[in-house]
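Please read through the structure below; I'll follow up with questions.
Naming follows writing order (A, B, C and D), and every chain is counted from residue 1.
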Amino acid sequence: MSAGAVALRLRVRFAETDQMGVAHHSAYVVWLEAARVEWLRKRGTSYREIEENGLSLAVSSLSVQYRSAAYFDDEIDIEVYLTEAKSRRLRYHYRLNRVADGVTLAIAETTQTPTDRSGRAIRLSEPWLAELKQYVETK
Amino acid sequence: MSAGAVALRLRVRFAETDQMGVAHHSAYVVWLEAARVEWLRKRGTSYREIEENGLSLAVSSLSVQYRSAAYFDDEIDIEVYLTEAKSRRLRYHYRLNRVADGVTLAIAETTQTPTDRSGRAIRLSEPWLAELKQYVETK
Amino acid sequence: MSAGAVALRLRVRFAETDQMGVAHHSAYVVWLEAARVEWLRKRGTSYREIEENGLSLAVSSLSVQYRSAAYFDDEIDIEVYLTEAKSRRLRYHYRLNRVADGVTLAIAETTQTPTDRSGRAIRLSEPWLAELKQYVETK
Amino acid sequence: MSAGAVALRLRVRFAETDQMGVAHHSAYVVWLEAARVEWLRKRGTSYREIEENGLSLAVSSLSVQYRSAAYFDDEIDIEVYLTEAKSRRLRYHYRLNRVADGVTLAIAETTQTPTDRSGRAIRLSEPWLAELKQYVETK
């Protein structure tokens, strides 16, 4: 898989809509996380195992630009790009596109802080950091 | 507070609506849980402390009868009744009413199983069970 | 697709977990709905188009028996069975199994009431009802 | 109520926690929205009535800086500041503080675009815009 390919394809769930008739803006935040998990899996890393080993990647910042509404049952592709990998911070960019017409629905960015089980910030191990650095793209 | 009085008053959040223009049926399940937490608090028990001490009350069954739709920004009262207290099972009944017109929106029932941190079923301690039994009502 | 085959396979999202370390019981309710949508799609019916034509299938009752915990990143299969099809009520049964070990996580039942855009109960059209009746199973 | 006072006090729901043992970062996004609704109400405006009249305030951008974790049952105060009011864009800033110890949990910013029922961007009416401008603060 090339670095910035689609990490996750999903469908908008009915429960994710709101009374405006569109996907609620908070649903995107959940989708970004699911896409990060798939991005890791496609690079051979299970976020579940990471957590079981006591490391978490806590979201320290989040920004989303909403460009076009997503509707119930829309299929959406989420492209994920790792744009920074430091021992104390990872940064991802995202592009969400509707499959049916290719329209970009949103772009987004998150940063993650490695923490231990108690929530204290820690450093990523050198081997894993080195591996992640291979995937960094300038977006 | 009398046994079956209102445990929680809340407002329907915009994010809880769906494209039918009503509160999504899954939101009620979250409200029931919040009402149980307040029910405990009003009887001098913090569910947070219970959890910190390693005991959880895992939901083992759930049923909801939806009678009338709830709308964005509606204020809703949730009445909670403890209807069974055994060492291995608690049972609650609920009635959800809209404050503005008194209409009953739903009735519900849940059972909870005491578990330890690993999710294994355990028995409630005798003193706490005895205390809970005082609050049992025949609904 | 045979009547009661798997309608939907999904993964437990991180956002769906709670501090007990398991999928929160309200997440199952959202999954059941997503599975109903897929069940319809696999029988040639788009719930999105149904809604666009002004018909909704409002959940009028819900019950879930939780048997075993689901964990973050678990793959789950949701089997859906239509067990009653009347002009004013549909009834579905569900079985949720973890893919990895085949363990049944929950069984559930919902009833749906056909409504118009204003939320008023209406009758299903005869042709569609006849089609749905073909899929009814005694569970 | 002074301009930037607390718009909403809420408690972290159990369903809003995740397996890290903290409030999931997507919950904050729902809280911000609930706080905007209360901010409007405290200024004499019901967002429900706004929506019933066919105007929506669609979130066009969102950013959150997470500073400290929020825990189950924490009481949180959300301060809301209107920082920009134009005919085609409103901008709010937020500060989320834990009541118990005053710790700032997050700061956030959202922009909203006025839209009609079909989701098309429209202009705010002059009278309402004039009223909103009174509340603008430089943050």
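Please note the rule applied: a residue touches a chain if its C-beta (ideal position, glycine included) is under 8 Å from a C-beta of that chain, and two chains touch if they have at least 3 such contacts.
Because the structure is a prediction, the values reported are computed rather than measured.
Asker: Out of A-D, A-C or B-C, which pair touches the same way B-D does, with over half the contact pairs the same?
Answerer: A-C
Asker: Across the interfaces A-C and C-D, which one involves more C-beta pairs in contact?
Answerer: More contacting C-beta pairs are found at A-C.
Asker: Quick one: report the Å distance separating subunit B from subunit C, using the average Cα coordinate of each chain.
Answerer: Taking the mean C-alpha position of each chain, the two centres sit 24 Å apart.
Asker: Cα centroid separation between subunit C and subunit D, in whole Å?
Answerer: Between these chains, centre-to-centre, one finds 34 Å.
Asker: When the centre of a chain is set as the mean of its C-alpha atoms, what distance in Å lies between subunit A and subunit C?
Answerer: 28
Asker: Residue numbers in subunit D touching 2 or more other chains?
Answerer: 14-15, 19-22, 26, 29-30, 33, 51, 72 - these are the residues of subunit D that touch more than one other chain.
Asker: Which bits of subunit D are touching subunit B when the two form their complex?
Answerer: Interface residues on the subunit D side: 11, 13-15, 29-30, 33-34, 37, 46-48, 51, 71-73.
Asker: Spell out the part of subunit A that touches subunit B in their complex, as residue ranges.
Answerer: Counting only subunit A, the residues touching subunit B are 14-15, 17-22, 24, 26, 72.
Asker: Can you check the complex and tell me which residues of subunit D touch subunit A?
Answerer: 19-22, 25-26, 29-30, 33, 51, 56, 58-66, 69, 119
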